[in-house]
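Listed below are the structures to be examined.
Two complexes are shown next, each including subunit A; its partner changes from subunit B in the first to subunit C in the second.
What follows is the complex of A and B.
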């Protein structure tokens, strides 16, 4: 964490999927950045848009999805950016300095930004040996001859704690355990010494003891190589363990952004605090879990105003009418931003607005996806 | 609905709350790993003519498990993937045939129960699986899905041990005599062995009429002088009773009874798991095995489902075996906890006792591996090294000994703690062919002396192991550098690992619990002094 220079900057990113049922606004205007040597968490429940957000960074979003707005900067490169078209001010086209698809492939992915997915079995080709895959990856990205690539591959595999590298080099992915496969992927990500690694739920499929090994490994390697990480997870425990700063996502938006300690101990957004309260604790016995009523609505037709208002125990009329943007919390300072009218940074008359009945406060909505929480 | 056992589970006795409902002793389930007719045949190619040998290897998925589950409690079963949790669950319900051992449900041995008797006993034992999607038929509506187990068991059926009676509200001048059919307990819940039907008798222009409060019952009236004779009987078909029960259950698990006619895909994951719950409850079971029921759900949804499961347990007097890999969930839902490792239960105690006073190093390791949702919880973690050994050829003695951070030193050598730590770490590194060992073995550029010194620096930096043990270590280091880690491994295993009490004796200890509960089973030789 030497320089603290910002290496990735995401501004007002919007990614949408154009489906037959309508436009799914999977990521709807998020801002965040990553500094050198930092682990930044992106946390939220399934459907919050975490994965789409990181796929957008690498421009991996495929049909029928597309990035429709915002700007992504990585160091001096523009990964994505639009400008108003010359002929029609309504229409926007890609900016000239934006990297082409080929440039993304040859200059960014793998070399500068590597990605680790949740399911290591799906990221590895089952009909090639583990060694040959990592070797090919190194040979392509670092432009080294075969022998040397093999040597680097073996060294990296040892680095991530794979035993018997010599004899296991020619094993196939199915001959490795889940934890070992994830180590192989980490080795692959590290092999080209990228400055940023995007990890999309990398420990979710693993057992706790294996997860602990991998988290320790990541800690070690990160300190050694000074790599930055964007860590996508739904697990608040993992966030607490390794993240420096955290972005909490809900339905395509970032609702709270804070250093890890502040997020857990000076929680500002009701969604974050409800999410924390709904977790069973390993370190103490709790009487009853405080669950969040309802389920996350569809991103096709998000609720008006604050998107969490339909499940928020603190919701008032103004929450259903006005959309809160993300602002630095009045109390906590500039490093802690929150999108909730309860914070003094907003002046929309929240405290004078009458409370509304939501699923969390006991209202029984008849819509199908909405009454999950009634019994909770 | 009737809640008492039916005549079908012959010999079964309903135990009281707190008495064992399920007793398991020495349960084993082995799977042959070479299936098929020719699978087990291997050829020995050492001689001039290949000699065929028939040899079957067994995967010991569950290997001698012993515990009981008391009526009304939740027993949590926790362990890593591959430790045999799910096989144990399936073996308990006889969904797979046990290799050996006994499972007694309400005093009846499941091994002896066959055919019709087993089928009827299954009514009392239900299971909920991890993936709520794949356990629901996508082409069936939710109502019929929940109804199906009742159909399979030809429910509802009247319980002969329940008597029936009517509670009459009489708004007429007549005196009322009531006869109630025996089978109304199908429509009205029985309390203390009596089903009470509420009936209202009123006088209208057409004469005296009687109505039963339950839609499923009919009441007829016969006038005789200044008295009326009311007869209460079942008017609804079995199908109608079942459908009414499905609607009731949908409400109980937190869904809308209106959703009877929807398809599973129209529900979210959490709601689908609620449908599975309702289906399991439809036959009024006593015992539900829950195999990772919330692992596929988001945190906030998991909390809702867990809370519902708790409420249903109280309402229906259910007994759960709750399987999970997540200790936090177990801590929330369970009363007692069993920890499983490689086919065996290594520790079993009351929840508080197990979490606050764990006695087995494996439980300790599991507990310290969970990341707590609090960045200030800075407890240094020492994650377990290596992988779970193969269940085909599990380690002798204590199965955790190959990874245990507290492996007991063999008494032959008078090791100090630091010496033993170093020797143990080195023995394991060689056994696993850890990266440092591997690198030393593969290195062909540097001289043997340098490599030996380097290995010594890595594993024996601050300690100097002398005497007989020191000689073994020297020999092993030399073997590794010579590119023969097999010899080194054999040497170290023979000299150290296999001489520990952990390798020589099966641990089996019952300790005095400190924080509640009656017994604390902890199969670890560290407690060989404190056991009863």
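What follows is the complex of A and C.
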């Protein structure tokens, strides 16, 4: 599958929120791409910047937030890109070939890239019927005659497994369960026939059995419609289930990028290891889950050096001083990139550097923050 | 299924409410110190004359008997009275008694005054809604921009200015100095000049007269409408703005944006309809409480409506008039609440007609 052409390319994307407390660097220079027919995962804890990253792709970030740098290319279109201004080299302006707001709305949103939000309970308008909502988006994003939109909507609803579509079509969202609403939202995305669907934690609000059904459904439909997907989640189990390639995000940065199998069997970054270790597993009985010590720092004032060093069990002095960029891993090859000095791709003297006390290694500060985390 | 049944049930529930209103107003107005007959006859009246009038209005009977008689007269189909003593027999029609001050049946007075107040209220709320809803939507859409600030100041001034003061200022400027608009009373749209009746309903002349008659109607309406409607406009603008702001941040509105729906359509369709619930609540409740404001407006503009009628009743301790007008206000309030609930269910499919409560 991975031999297909690249349809989405994100390069050094930076999205910031200008708040009263300071500039929140929610997404701070991430690179990733999506190829045709592929499911790409975006994994990380809450607050890692995953949602902001996907909203940036559709340029949905609103005041006080803004995309401040980087490039987003979709097929032949430039969704976002800056250049140095002619008058003032410090000033950066939008490039001419960048799509205008209107072009984003009429050519990209819904038509080429569709989105599925996290909370199915909140994503459907309570005062309009389910059918009419899908129909509206079809009519808007596909060149079909009016009466055909209804047929397409019904067919897609059948595809995602809504029973008795004819009678449920004119029902209101409150008459649907959470899992059914999520199916409706998936149908909504599929019915517009986009080439890329961005799913922002679409199963987080659902219970586990429903989640499993939805994941199977997505796997099926993705193969049938040959749509690419960006799947945002914090759940490594979900990643294992459906993703082809995975990007692990921590505090606005991507720290590891690899095909799903490699990520699980040849984990390079300590953060990824900790995420995997914190996964509950039915085949092992443990007294306490191995959670990641501490909480994610604020994106207003990220830690110096490697952003994960404050919680990393492997942290050494060099980690607090030098910031690791993302590089292809020395042993695993070019398709597996990592931003950790423990990899031989880096030559900063990690192994000679003395280890430092961190929250993860159980100092006084760690027990404090851990308690805060539990009570909050 | 439920609309008709729901409305019927709510109307039946209104009966005890109205009974309560009748009871409370009866005893309250009788507890007020002062004697309507004294007010009527002036200082040092003849005792025989006083007694005769007392007997005429039934005020010489004991309070409990007057209460039962009154309930019987007021209820459309229940009790009847013979020689002042109640017995159970079907008697149809509402009798609110005879006004001591006017010497005429209260029902007749209300029939004459209610349409005037209805016209004023309808006009004031139309004015308020037509201005406030777009203003609220625009200031939500352009929040924290100049348009929003202007609308905020207008709303603040509108909420904090007493309606009678606005009325007086309007009269001073537009009637007294400029002489553009009349400052007193209303002209009813259907009270056509006699020439129209002579011309006959089917003639062209009739419709010409009827049309030109609407000009003074509007002229008389403008100032009282602004005076009574400003407060409502200000309140509705603020509610509309905050309701729209809340809707614009909802996931389903964001989703519409993510699917390429134009901003205008999002405002008009996706955010607007769910935003109307709090607006309906406020309009529904204010429609009824604004009758209180109507008393002031009617006084300032010398309009012979329900407001001035109830005022006359109170000033003259005219028991039947006070009770009759209060009952009508109560009925309007109950109907207003029912209508509000029904329009809720119309706007929001999640609100059912509440069969489970029955």
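Just so it is clear, the second predicted complex is superposed on the first by the 359 of 376 C-alpha atoms of A that agree within 3 Å, B and C clash if a C-alpha of one lies under 4 Å from a C-alpha of the other, contacts with A are read in each partner's own complex, and residues count from 1 in each chain.
Going forward, a residue touches a chain if its C-beta (ideal position, glycine included) is under 8 Å from a C-beta of that chain, and two chains touch if they have at least 3 such contacts.
Just so it is clear, the model here is predicted, and its values are computed rather than measured.
K.L.:
Is A:25 touching anything from subunit B or subunit C once the two structures are fitted on A? First, second, both or neither.
P.N.:
Touch partners of A:25: none, neither subunit B nor subunit C.
K.L.:
Is A:109 touching the first partner subunit B, the second partner subunit C, both, or neither of them?
P.N.:
second
K.L.:
Quick one: is A:265 in contact with subunit B, with subunit C, with both, or with neither? Answer first, second, both or neither.
P.N.:
After superposing on A, A:265 lies in contact with subunit B but is clear of subunit C.
K.L.:
After lining up the shared chain so the two structures overlap, which partner does A:58 touch, if you call subunit B first and subunit C second: first, second, both or neither?
P.N.:
So A:58 only meets subunit C here.
K.L.:
Applying the touch criterion given at the start, work out whether A:309 contacts subunit B, subunit C, both or neither, answering first, second, both or neither.
P.N.:
In the superposed model, A:309 contacts neither subunit B nor subunit C.
K.L.:
Between subunit B and subunit C, which makes contact with more of the residues in subunit A?
P.N.:
If we count touched residues of subunit A for both partners, the winner is B.
K.L.:
Name the contact category of A:181: first (subunit B only), second (subunit C only), both, or neither.
P.N.:
The answer is neither, since A:181 touches no partner chain.
K.L.:
Where does A:46 make contact in the superposed view: on subunit B (first), on subunit C (second), on both, or on neither?
P.N.:
first
K.L.:
Show which residues of subunit B lie in contact with subunit A when the two form their complex.
P.N.:
80-81, 253-256, 259, 262, 266-268, 270-271, 298-304, 306-308, 310-311, 325-329, 331-333, 351-352, 355, 365-377, 381, 383-385, 387, 432-435, 438-439, 441-442
K.L.:
Could you please specify the touching residues of subunit A with respect to subunit C in the complex?
P.N.:
58, 60, 105-106, 108-111, 114-115, 117, 119, 122-128, 136-137, 140-141, 172, 174, 188, 192
K.L.:
Where on subunit A does subunit B make contact in their complex?
P.N.:
45-46, 154, 158-159, 161-167, 177-180, 207-213, 215-216, 234-241, 260-261, 264-265, 274-276, 278-283, 285-286, 288-293, 295, 366, 368-369, 371-376
K.L.:
Per the contact definition, I'd like the list of subunit C residues that touch subunit A in the complex.
P.N.:
Against subunit A, subunit C makes touches at 250-262, 270, 273-274, 347-350.
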